[in-house]
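Listed next: structures, encoded as C-alpha cells.
Next come two complexes built around subunit A: one with subunit B, the other with subunit C.
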Partner chain A sequence: MKIFSNKNFVAWYFVFPVAFIHLFVIGIPSLASLALCLTDWRGLGEINYIGFENFIELFDDRYLKKAIINNVIWTIAFLTVPVGIALTCAYLLTGIKRGQMFFRLAFFFPYMLASVINCQIWKYLFHPIHGLGGFFERIGWDLLAVSPFTMKSTSLFAVAFVDGWHFWGFLVVIYLTGMYQVDNHLYEAADIEGATKFQKFRYITLPMIRPVFVFSIMIIIIWSVPVFDYVYILTGGGPAYSSEVIANYMYSQAFERFDVGYSSAIGTLMFFYVMIIVALFGLFRKAGWDI
Partner chain B sequence: MIRTLISFVSVIILSTSFSALAKTKVTWSMESNADRDPIMIEKLQNAYNNSQGNYELVIEFEDNETRLTSMRTAMIGGMGPDIVETPGPSYVKEYHAAGMLENLDSYAAEFGWKDKMIPWAYSSGVFEGSLYAIPKTHESMVMLYNKTLFEENNWKVPTTLEELEDVAGKIKAKGMNVFSYGSDGWQPTHEHLVGIYLNNYAGPQAVYEAIIGEREWTDPVFVEALELLKKHMVDEGYWSGSLENYYAIGWDDFHAQFANRGAAMMTIGTWTFQATQLGIGASDDEWGWAPLPSLSSQSPDPNFMIAIGTTMSVNANGKNKDGAIDVLNWIMSNKDKVLDIAKDFEFGEMVVPLTLSSSDIPTDIAPQVQDYLSEYARITGEGNYGYCTWTFWPADPGVHIWKDMEVVWAGDISVEDFLYDHQKMWDKARKNGDTLPVPLRN
Partner chain C sequence: MIVAKYRSREVISNYIILIIFALIAILPLAVLIFNSIKPQMEFGVNPLGPPSEIRFENFSEAWVKGEYAKVFFNSLKLVTGSVFLCLAVSLAAGFSLAKLNPKGSAIIAVYLLVGISIPAQLYIVPLFLLWKEIHLLNTHIGLIIIYTALNAPFATFLIRSYMIRLPDELFEAARLDGANTFQLFFRVALPLSWPVILTAGLIISLAVWNEFLFALTFISEEGFKPMATILFAFQWRFENNYALQSASAIMMVAPVAILFMLFQRRFISGLTSGGLKG
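After this line comes the complex of A and B, so read on.
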C-alpha cells in the first residue's frame, strides 16, 4: 500500500481521470475498429469474420488510390504554401513595432472561425450567381464565371486554399512565439558583421526556431491524414472524386454505403500511416534532433 | 375571490397533469424542417393526442443526417424511438435484417391496412413475406415549365426526345437555361436524372427486368440511355447552363432561377410542389407540369416513376409498441386528417399512399397539383410506371448510381465501364440478399 502514497505515484492520480476517459472514448473504439476491419459488418445486425478480404479489396480500389494521392498532394501543399507564407509574415512582423497586434489578430482571426463559417464564406464568394463571378459578369468581365470548387481540375486546390487560409494564421503565431525566444544579441552581432535581413533569417532565425518549425511540420503531416471537414463541406470529395481524401472516403463507405467493415479497414490503414510518421519523428529525436 | 381563482387554476393544472400521466408516451423521431414542423405538431401530434386517451405521441424533430446516425446508434443499443422513420426501403432493409423492426402482419390483417393502400406502396414495405414498413410519403418525378413563357414564345411542351431537343435549342437561343436544377447541398440529386433517363429511354420494362435480374445493366439500351444523359448534361449543359454550374447550384438557387426566367423548365420530384407554389407561383408567371418526355421508342408512353420518400416502422425494442401501432393505425384510418396535412404541403410531403378517389382530392390546393394527382392515379393505374433509384436500388448500387456518375460525366471512365461496375454491385447485393421489394409488373 505504501506505493500508493509514494511521492512519485501522485502524478498518476492526476493523469488517471484523463487516461480513463481516453480509454473509453479513444482506446476501446480504436480497438473495436481494428477488429471490425476483419468483418463484413454493415453497421447493424450480424458481424461475420471475413479475414483480410477488406484489405484485398482496398488495394484494388481506384478511388481509394485517388484519395491517397490527393492526401499526399494536400500534405505537400500544406508543407509549402502556408508554411512559406507564415514564416515570411512572422519574420516581417518581428520588425514591426507599432500595430503588430492588429496584424497578429487579423492573421489569426480565420483560425478562430468555425470551419462551416469559413467554408460558407468562400463558397459564397465563388458562387457563379451570387459571388464574384456573378459580380464580374454584371460589369461585363468574364472572370470567375465558374466556381473552382465544381471544376475537376481545381477543386482539390480550391479546398486546400480555403483550409490553408484558415490555418496559416495559426502558424504565424507559433513561429512568432519561437522567434521572440531568439536571443537578441545574435542579431546585434550579425548587424555588426553587416549581415543582410535574409542572411539573419537564414543563419540565425531558422536554426534557432528549429524545434518549433519541426513541430509544425510534424503536426501538418499528421493533421493532413484525417483532413475531412473542409472537403466534406465544400465539395463532398467531388466532382468525380477530384477532391476526395481518405477520411471523406472512409465516411462515405461507413455512412452512405453502410460498409462499416471496409470503412474500418481504411481507418486501420490511416492509423498505421500516422503511427509510422510518429515513429519516424521519434527516431529523429533519438538521433539527436532537437524536436 | 383570489382563493377561488387559485383553486380553479390548481384543479386545471392537476387534472391536466393527471391526464398526461395517465397516457403512455409514444416517441417518433422525425426529420426536421422549419416550415413543416409546426404543421406536424398541430395536425399530427396534437390531433392524434386529442383523439384518444391512452397514448401521448411525442414527435422529436432533428436534422435528418444527425437523426439517422443517432437513431441508428440508439437502436444498436436496444433503444431508440417507438416509431422508426427512415428515408426509404434500403434503410428498412438494414433494420429488418438486424431484427430491429416489428413484424406488422397481424396488425395489417386486423386493421385492414392492405386494402387501404395503393398495392405497390404496400408491397414496398414487405420483406421476406412480411410487412415491416408503411410509406409516410410517396412521390414521383415530373417536369415543370414556365407556362407563361412557353405561351409567349409559342413553344410546345416536349413529349419526345426530338421535341425536347428542339425546344431546348429555342430556349438557349433566348439566353436561358433549359432546365433549372443543381446538386449543391445534395449530391444524390444526380440519381433523379439517371432515373429519368433509364426509365424514359430504356423504358420501365427494361429497368424492371434489370432490377429483378433478368437483364444485365450492361445492356446496350442502358448504355445508350446514360450516353444521352451525358450528352445533355456535359455537351449541351441543359441543367443550369453547364455541368459546373449544375454542381454549384442548390435548392434555393434553382427555384429562384426557375421563378425569375433564368430557366424555362425544371426536372424535379413532386416534393417540390410547395416550394414551386411559393416561388414561381408567387410571381407573375404561371407554372405548369408535364410527365417527363419519352426519350426513345422503347418508352413511348408517358410514365411516372414510383418512389417512397419516407417510411414508418415500429421499433421491435421500443418501449411502447402498442402505442406506435395505434399511431400508425390512426394515420391509416383517418384519410381526411392525412389529406389535410398533405394539403398544407401541396402534396409534397406526408403523401401517405392511401387509395383515393377523385372526390378525395382537395379543391383548395394549386390546380396544377390537383391535375397532377388525377393524372398520376390514371397513368400509374394503367400500369405505366417506372422505378426511382432511391426506392428500388440496394444501398451499394444506390450510392454508386449517383456518386460515380460524376466520374462518367468527367470523362474519367466510359458509360460501359460504369455499368459494368454497377452490374457487379447488383450481383453482390443479390448474392447477399440485399435486394429490395419490387411490385410485380403486369
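After this line comes the complex of A and C, so read on.
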C-alpha cells in the first residue's frame, strides 16, 4: 500500500487523465488503424487478414495518384506564395512605426475564422453573377466570369487560395516575432555601408530569423497533408477529381463506401509520411542546424 | 536631407503595399457584413457595395429559420464542456510535467508530442466505429471527449511551459508547511496560473467553436449539430438567399470577433506558440 502514497506515484495521478483520454481517443484507434490496413474489413462482419493487398491496390489507384499529386502541388503552393507574401509584409511592418498593431490585427483576423465562414465568403465572391464576376462585368472586364471552383484547370488553386488567404496572417505574426529579436545595430551598420533594402533583408533578416523560418516550413509541410475542410466544403474534390486531395478521398472511401481496410491503408500512408517529415526535421536539429 | 527624403519615400511605399494586403484581408469580411444587412432584392444590382437600406431583419429571419437558438446552445455546450474537461486534465498534467517530474514522465511528453502530429485520417474510422459501439455517436459528451483529446497535448505543453517558470521556493515552502501534492496543485500552482488558464481556455474555445471535420462525422442528427455544420447545411438549404446566409455567418463570427478585440494578445501568442491549425 505504501507505493500509492509514494510521492513519485502521486505525481503519476496527475498525468493519468490526459494519457487515458488521449490513448482512448487517438492512441488506440490509431493502432487499430495500423492493424486494420492489412485487412479487408468493411466495418461489419468478419475481419480477414489480406497482407499488403490494400497497399498494392493503393499504388494502382489513379484517383489516389491524382490526389497525391494535388497534395504535392498544394504543399509547394503554400511553401511559396503565403511564405513570400508573409515575409514581405512582416519585413515591411518592422520598417514602419505608426499603425503596426492595426496591420498585425488585420492580417491575423482571418486566421481566427472557421473554415465554413471563409468558404462561404469566397464562394460568394467567386460567384459568376453575384460576387466579383458580376462586379467586373458591370465595369466591362471579362474577369471571373466563370467560378474558378467549377473549372477543372483552376479548382485546386482556387481552393488553395481561400485556405491561403485565411492562413498567411499567421505566418506574418510568426515571422514578426523572429524579426523583433534582430539587433537594430546590424541594420544601422548596414545603412552606413549603403546596403539596399533587399540586401539588408537577404543578409541580415533572413539568417537571423532562420529558426522561425524553418519552423514555419515544417508546419506547412505537415499541415498540407490532412487538408480537408476547404476541399470538402468548396468543391468536394471535383470537378472530375481536379481538386481531389488525399484526406477528402480517404473520407469518401471510409464514410461513403465503408471500406475500412482501404481507408486505413490511406491513413497509414499519411501517418508515415508525416512521421518521416517530423523525424527529418528532428535530425536536422540534432545535426546542429540550430532550428 | 536627401537621406530623410529617401526615407520618407520608402516609408510611403511600405504603407502602400501593407494597405493593399490589409484590404485583401479585410474587404471580403466587409462584403460579408454588407450582405448580412442587405435586402435580398438588392443582390442582383449591387453585389459588393454597402446596402442602400439597412435591413436588420435578416438576422431575426435567419435566427428563426435556422433555429439558431438551439444551434447556439449546442455549440456553447460543446465549447464549455471541452474547455472545462480539457483544462482540468491539462492543468494536472502540465503541473506534473513542470514541477513533479515523476520518473518516466518523459515518455508521456514524447507520446503527446507525437500525438499532435498524427493526422486525424489515421484514427477517425476506428474512432467512429468505437463511438458507435459505445453509443457516443450523436451525443455532445462524445464530441467533448474527442475535443478534449485533440486539444489536450497543446494545452498541456502551454501550461507546462508556464508553470515551469513558477519559483520552486514557493512549492518547497508549502511542502515544509505540510502541504501534500494535491494541496500544492490547488493552493499554490492554480492560483498563480490564471494567465495561462485564460489563454488556453480561449484557444480551446476557438478551436471547438470552429471545428468542422469531427462535428461533421460524429453528429449527423440535425438537432445536435453545432454552428459549423449547421452553417454548412444552411449554405445548401438557402443556396441563393445570400442575405440569410451572410446573417448566419455573422452570428458565428461575432463572438469570435468580440473575444479577439478583448484578448488579441492572448489569442496571437497562444495560437503561435503551439502548433494548432484553425
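By our rule, the second predicted complex is superposed on the first by the 261 of 291 C-alpha atoms of A that agree within 3 Å, B and C clash if a C-alpha of one lies under 4 Å from a C-alpha of the other, contacts with A are read in each partner's own complex, and residues count from 1 in each chain.
To be clear about the criterion, a contact is a pair of C-beta atoms (placed from the backbone, for glycine too) under 8 Å apart; a residue touches a chain by one contact, two chains touch by 3 or more.
None of these values were measured; they are calculated from a predicted model.
Chemist: In the superposed model built on subunit A, check whether subunit B and subunit C fit or clash.
Modeler: Superposition check on subunit A flags a clash between subunit B and subunit C.
Chemist: May I ask you to decide whether A:I69 touches subunit B, subunit C, both, or neither, giving the answer as first, second, both or neither?
Modeler: Neither partner.
Chemist: Using the superposition on chain A described above, determine whether A:L280 touches subunit B (first), subunit C (second), both, or neither.
Modeler: Neither: A:L280 stays clear of subunit B and subunit C.
Chemist: Per the contact definition in the header, classify A:S264: touching subunit B only (first), subunit C only (second), both, or neither.
Modeler: Once the two structures are laid over each other on A, A:S264 reaches subunit C alone.
Chemist: Looking at the overlay, does A:G43 come into contact with subunit B only (first), subunit C only (second), both, or neither?
Modeler: Both: A:G43 reaches subunit B and subunit C.
Chemist: Looking at A:T150, would you say it contacts subunit B, subunit C, both, or neither? Reply first, second, both or neither.
Modeler: Touch partner of A:T150: subunit B, not subunit C.
Chemist: With both complexes superposed on chain A, which partner does A:S252 reach: first (subunit B), second (subunit C), both or neither?
Modeler: Touch partner of A:S252: subunit B, not subunit C.
Chemist: Between subunit B and subunit C, pick out the one touching the greater number of residues of subunit A.
Modeler: C
Chemist: If both complexes are laid over each other on chain A, which piece of subunit C (91-99, 109-117, 217-225 or 253-261) hits subunit B?
Modeler: Of the stretches 91-99, 109-117, 217-225 or 253-261 of subunit C, only 217-225 runs into subunit B after superposition.
Chemist: In the superposed arrangement, what residues of subunit A touch both subunit B and subunit C?
Modeler: In the superposed arrangement, which is not itself an observed complex, subunit A uses residues 43, 127, 129-130, 255 for both subunit B and subunit C.
Chemist: Over in the complex, which subunit C residues touch subunit A? Could you list them?
Modeler: Answer in residue numbers: 10-11, 14-15, 17-18, 21-22, 24-26, 28-29, 31-32, 35, 43-44, 47-48, 88-90, 92-93, 95-97, 100-103, 105, 108, 111-112, 114-115, 117-130, 145-146, 148-150, 152-153, 156, 180-182, 185, 206, 209-210, 212-213, 216-217, 227-229, 231-232, 235, 242, 245-246, 249, 252-253, 256-257, 260, 264, 267-268, 271-272, 275, 277-278.
Chemist: For subunit A, which residues count as touching subunit C in their complex?
Modeler: 7-15, 17-19, 21-22, 24-30, 32-34, 36, 43, 85, 88-89, 92-93, 95-96, 99, 102-117, 120-125, 127, 129-132, 134-135, 165-166, 169-170, 173-174, 177, 197, 219, 222-223, 225-226, 228-229, 232-233, 246-247, 250-251, 254-255, 260, 263-264, 266-268, 270-271, 274-275, 278
Chemist: Touching residues of subunit B toward subunit A in the complex: what are they?
Modeler: Touch list, subunit B to subunit A: 69, 72, 75-76, 94-95, 97-100, 187, 242-245, 247-249, 253, 257, 395-396, 399, 403, 406-407, 409-410, 412.
Chemist: Applying the document's contact rule, which stretches of subunit A touch subunit B when the two form their complex?
Modeler: Within the complex, subunit A contacts subunit B at residues 42-46, 127-130, 146-147, 149-152, 236, 238-242, 252, 255-259.
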